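For reference, the structure is listed below as structure tokens.
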Amino acid sequence: MGSFATNYEEIAAVLLFVIGMSNLVFQPNLLKKIIGLDIMDAAVYLFLAAKGYIEGRTAPIVVDGILDASHYINPVPAGLVLTGIVVSVSVSALMMALTVCLYREYHTLNIDEIMMKLRKEED
Amino acid sequence: MPSYFILVPILLPVIAGILLLVFPIEDARKRNICIEIIVVINTLLVLWLLTHRPSESFYMFSLGARLPLTLNVDGLAMFFAGLVACLWPLASLYAFEYMKHEERVNTFMAFYTITYGVTLGVAFAGNIITMYLFYECLTMVTLPLVIHTMTREARKATRQYLYYMIGGTAFAFIAIVFYSLFCNDIAFVLGGNLNLAAISNHMDIALLVYVFGFFGFGVKAAIFPFHGWLPAASVAPTPVTALLHAVAVVKSGAFAIMRLTYYCFGTEALHGTWAQIVVLIAALITITYGSTLGVRETHFKRRLAYSTISNLSYILLAVATMSPLGLIAGLSHMVVHAIMKISAFFCAGAVMHQTEKNYIYELDGLGFEMPVTFVALFISGLSLMGMPLFAGFVSKWNIVHALLEHESMLGYISVLVLLYSGLMTGIYMLTIIVRAWFPHVGYHKDLVEDFKDPNWLMKGPLVIFSVLTVVIGFYAQPMLDFIQKIATGIY
Amino acid sequence: MDINNYFLIFPVLLPIFAGVLLMFLKFGKREHMQLYILAILIVDLASVGWIALQPEDTLTLSQFFIAEGLHVFFHVDMLSKIFSVLTAFVWLMVGIASFEYMAHEKNEQRFYCFYLVVGGVLSALAFSGNLLTMYVFYELMTLTSMPLVMHNLSHEAIMAGLKYLFYSVAGAFMVLFGFFLFNAEGRVLYFSPGGIINEANPPGIMLFAVFLMIVGFGTKAGMFPMHGWLPTAHPVAPAPASAVLSGVITKAGVLGIIRSVYYVAGPDMIKGTWVQYTWIILSILTIFMGSMMAYKEKVLKKRLAYSTVSQVSYILFGLSVMQPVAFVGALMHVIFHSLVKNTLFVSAGAIICKTGKTKVRQLVGIGKEMPVTMWCFTLVSLTLVGIPPTSAFVSKWYLISGALDSGVPGLSWIGPIVLLISALLTAGYLLTISIKAFLPGEDYNYAKLVNHEPTWRMLMPMIVMTALAVILGIWPAGLMKIFADIAASVL
Amino acid sequence: MAFVQNFPFFCIILSMFSAIISFVMNGRIAKYIHVAMVTAVLILSLATLSFVAGTGESYTFMMGHFPAPWGNEIRIGELEALMAVFFSLIMMLSVFGGMAHIDREVQDSKKNLFYILLDLLMASLLALIYTNDLFTAYVFIEINTIAACGLIMIKKQGRTYVSALRYMIMSLVGSGLFLIGLTLLYSITGHLLMSPAKEALDQIIAVHSYQVPLMVIIILVTVGLGIKSGLYPFHTWIPDAYGYTTPSASAILSSLVSKGYIFLLIKIFYRVLGFDSIISSHMVNILFAFGVIGMIMGSVAAIKERNIRRMTAYSSVAQIGYIYMGLGLGTTAGVVAAVFHIISHGVMKSLLFLSISGLTEVSDGRSDYLSLRGAGLRNRIAGAAFTVGSLSMIGMPLLTGFISKYLFASAATTAGNKMITAWVVLAISTVLNTMYFMRTVLTLYRPVSAEVHKEYTLEKSKIERAAIIGLILLNIGLGVASQPVIKAIEAGLAMFG
């Protein structure tokens, strides 16, 4: 059980991921869905960052002369995280837009009510 | 003769039919003449082709690896093609008269003609893939014929027909794929061409696949429990039911099974296995079932349909004996049943066409008003029940021979079943005759007396078929010799 | 192959063609038609007689093959001669008698045309030299005699006709099974005295086949369990029809059994097997049941029909014990019973058409009104009961003595006992009629006694047949010699 | 290196640029740009295909100046090139086929957006096909999702919004799972490029360490992509998404977008995780099971459906079931069949969706069963197209559907205990397909009295007809001359190894 003590970031990440995903799927409210989505993504970034971090090294930012690579942590995950953030931002923006459109149509944020109204208009 | 010539009789009717679809001919007379000319020419072409057979098979093209499309005229093809070619012109003659009062005759006739070509395609197919192709096409081109009247029940029947057919081919497909993978060479060879070495340790799977194939193709041959479409499909106009039930569809089902059994899987692989027993029993059940329900049915054409169900299984029973004798018997019953059943259906059609009577109990005393029709019906009835001196007896005789060849209990039982079904046939055919000729005292004569026999277009085929029935019944040897040659691979 | 052989089919074709022709002929007066029929019948009898006079086993006609193994073959031996002559003779007699009877029926002409056709078919049946031919004409007989049954087209007549048809067809198919089986054995089924298979302890299936053949032909002979049609069909048919039905056509069944058992299977094959025992038991049952039913029966013709059931089973019993003496007895009973039963039915017909009385209790004092008829009736009744020195006494004597030393365990003495009981019953159900007819009792009103005697045309046949029945009983030697020869040849 | 080798990269860049410049253009020009772009991509991909087929071996194309394992790169094999050709072709035909509808249904302000989305879709699909880098794959998955979502909601109706939302949620879950699987993979291999990752994994597998994480990775990646491609239990978004948007969009969505994910999955199976480990972990059996269930359930749902667009959408569920069944057979033949079915299903489905639009517009714009009576007689070409599509769907010989059926069935023969199941299910699902497609065809050709439907004056859009005819020909062509395609697929799979 020692591994739990050492990889607590991973555990946290996984927990967050599950929380976010369940929100995304089960929340009736659109905004909360989006929040769930963001939590989910954040969990992944945490995970990545934790993977990239190496005990007792500094961020790979050159301040006073280049030290050899063994002083720096792995920079790739950081890059990935950045990219990921960009992606997730755009996705949540799209979700927002969708939410706005839906609200204009149905004057509610509750997906169930929207469904009900949709059925009504269909028949 | 060059082998590509085989393609001509297949394409000619198809093209003609498509042309008719695109440029309809409104004047009925002109249309009939055109169609009859086409059909007759095609028949002559076929007969000529059969007499001058190309030596090698014609390779069209390949759908893919192991999927070549070839046409070939071997003995079985000769047989089936000859049968179809001889019956078709008569059938279409009959159809002209019958369809006089229907709507959308152009479409009908177009597809009727196309079906001719496709059926020939089934006959001439040189390997099982090609046969499958034409087999599927046959289903599709007969759809418009079945649905033609567009009544509710016609549409229902058509859907049923379609689902049964596709379901059947879907299962036959398995057998085809299996065979195409595990055969030495996919072309039809009498005696089968299965690569037994490759499947020696999965024999049961091969047998299972064969059973799939048998039942799959058996759907067209209306084997129990996949017979449901046939009685339902008798809502179609009579020329169609006659064709479906007597020549094109059901026969190509039986034909396909013969191909599968004798020319693909091979009898020595199948003989004496559980698969053989399964198919034999299925055929027996079908015979019993069909003839029994025929007695119960009071709708004229549906009764004949049930009779077809049982008679088709005579053929399958013969095939299921998996012996050369069986093939002979099956083929002879194929031709005999074609003749007598098409004549029976045409009689039913003539009655419906002249009197709008659909049910047996309405036929009281019609025999005196429509003598030709009912004499023809009587002859075909006797032949169906296997009366000696009529064609039906000859084929039944052969089937029994095939069954009793190996003295097995199942063989004896099958003979008993055949006799039972013969009795039932006697009951359901002769009751019609008795009604027609011996009406009860005090039947309403005035109701029937203004009816009369149809004109020669309808009568002609009837007479010809009846004569054929009697002639074969009296002197069957030439036919049997020919079939013998086929079954022993001389052709 | 000289011309005589072709003459063989003359007595077959002549009545058939004459009958068919009759369908289309138009006669100004009934007399003309009667003359025509009379002429045909006489010529027929003459030709048959001529054939009968030819020396033994010379006439053979084997020109005609349907297919290999299917051979229509005519051959004349002693048995054929006897049956054919009997048939032709009875046909003539009943024909003459029917002229008067049919006066009060409709569609006379149709009746006679079928009457003639059946006559022809029967002689063909007698001449047929192998099972196939026999089967063909057996079926034809069924089909052509059915119209006689359903002549008056009342509902029950038609139903009776159909019942007759289906029973007979069922029987015929049972026969067919045996036929198929023997053929599969690879034997050519030309009748030969003593049987062609005739091997001790044959395979069980063969025994089963023989049994089926016995039951199948037994259908026509009204043997239990297939006797059901007989009491239904005879009463509804016109009297002449029922006369020939029970007088001759039942004997066709007997002929069939003789042929299949003694000329195909061979007695040695059956002797001592379960087949023989079941057969004996069945015939005994039939004898007993038939006479009981006759005893209970109130309607005259029905009573006669039941008596036929029991009497024909006398014959079958005689055949079943497989013992020369009994065999002779059986054959004699064939002749006698047919004479007797025809007389009975004809007189019953006379009563019906003259007085319209059908029930037994109505016949009180009828002997006063139509003495000649009733005298014949009484005489033949006595014959049938078997009072010496009348004919049936002789036949029964032979039957019983044959049965007693046939050495069949148990049944050899149960049979005779049953025969005696049924003789008593016969007396019970026939003589009571005569007694009532002549001794109506004092409350019978002699005042309004009118003479219903039919004309000579009806009386003559009765008298002739009665005379024959009696005389043959007194001087049976000639017949017996012939039968003894036959018995010797087959056993 | 040969100049041709740059083409794949050009394709991606080209489509992205055309998207970008379309922003400042109006709808018409955007359309032209798009068409030009797709045509160019088609030609370039053809060139690439011929090149790769010529050399007979795949090559990697380095993006930027860092070699593997640091830099990002794309990899081009025969299969990839084939897919690119096919995708661009279908894209083109679908857009042509629905042109008139696009003009009618999409409001003018949004027209250029529509084409932008198409361009982006093209770009992301190409990238998914070519990329050799897992994280790039993820990024383009998301782009793909966004573009698809835009296409779904392009009609700007409430219904389309809702379906877009459902689509979004499902596919976000999917991509989330995929991403976390990815990161796990990275954490145990330390690589994101496929080839080095595979090498690392091979060592790991060789020493039997990290078995649980490997299992988790396989499950996460498969399930993630399965959800995105609408594998049976996760198919709920499909009918809405395909059912309501404009025909071209539904054609493209059903025949391309989901296929892109499947192709990526196959690629990952082969090039990262290794097909053997997939088999040894019982993932294939699970895929097989879900695929088989999907084949049946999708068709059953389709039979219940009265609106034929939704019906066709449900049939795609069944068809995707076919593909996963093929993968689940766990043999190369099965994968070949699956890939071929990706293509043939694309051809069939786009044809069906386009013809349906042609049929509905002669039936008062209604797509439910009853109002479609006789539509085939009113609009002959659409009727013919639908008939061909249906026949192909039920596996009529001479049409492409037959070939894929044949491939599946013959692949099953080598699949041991899955064989019988696969066969029977194939047969059953054929029957089920018949039950809804051919039933519809019969309805289409059922004549109705004239007063039921007013006379329609079809505006004869030549381009649409041309596209539909092109698709019909494609169906027949693939059915008749399938051999080269199959050969190409086999070769491409060989290059994967």
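The first chain written gets the first letter, and so on, giving A, B, C and D; residue counts start at 1 in each chain.
Heads up, the rule we're going with is that a contact is a pair of C-beta atoms (placed from the backbone, for glycine too) under 8 Å apart; a residue touches a chain by one contact, two chains touch by 3 or more.
Please read these numbers as outputs of a predicted model, since none were measured by experiment.
Taking the mean of all protein Cα atoms as the centre, the chain whose own Cα mean lies nearest is B. Here the CA centre of chain B is 44 Å from the CA centre of chain C. Centre to centre, using the average C-alpha position, chain C and chain D are separated by 85 Å.
If you average the CA atoms of chain A and of chain D, the two centres end up 28 Å from each other. Residue positions of chain B touching 2 or more other chains: there are none. The complete set of chain-chain contacts reads A-D, B-C, B-D.
Considering their complex, residues 391, 394-398, 402-403, 405-406, 409-410, 413, 419-420, 423-424, 426-428, 430-431, 434-435, 438-439, 442, 445-447, 479-480, 482-483, 486 of chain D touch chain B. Remark: chain A residues 17, 20-21, 24-25, 30, 33, 37, 40-41, 43-44, 47-48, 51, 76-77, 80, 83-84, 87, 90-91, 94-95, 98, 101-102, 105-106, 111, 114-115, 117-118, 121-122 touch chain D in the complex.
By the touch criterion stated above, chain B contacts chain D in their complex at residues 61-67, 104, 129, 132-133, 136, 140, 143-144, 147, 150, 155, 158-159, 162-163, 166-167, 170-171, 173-174, 177-178, 180-182, 205, 208, 212.
Across the complex, chain B is touched by residues 65-70, 132, 135-136, 139, 146-147, 150, 152-155, 158, 161-162, 165-166, 169-170, 173-174, 176-177, 180-181, 183-184, 203, 205 of chain C.
Against chain C, the residues of chain B that register as touching in their complex are 385-389, 393-394, 397, 400-401, 404-405, 407, 412, 415-416, 419-420, 422-423, 426-427, 430-431, 434, 438-441, 473-477, 480.
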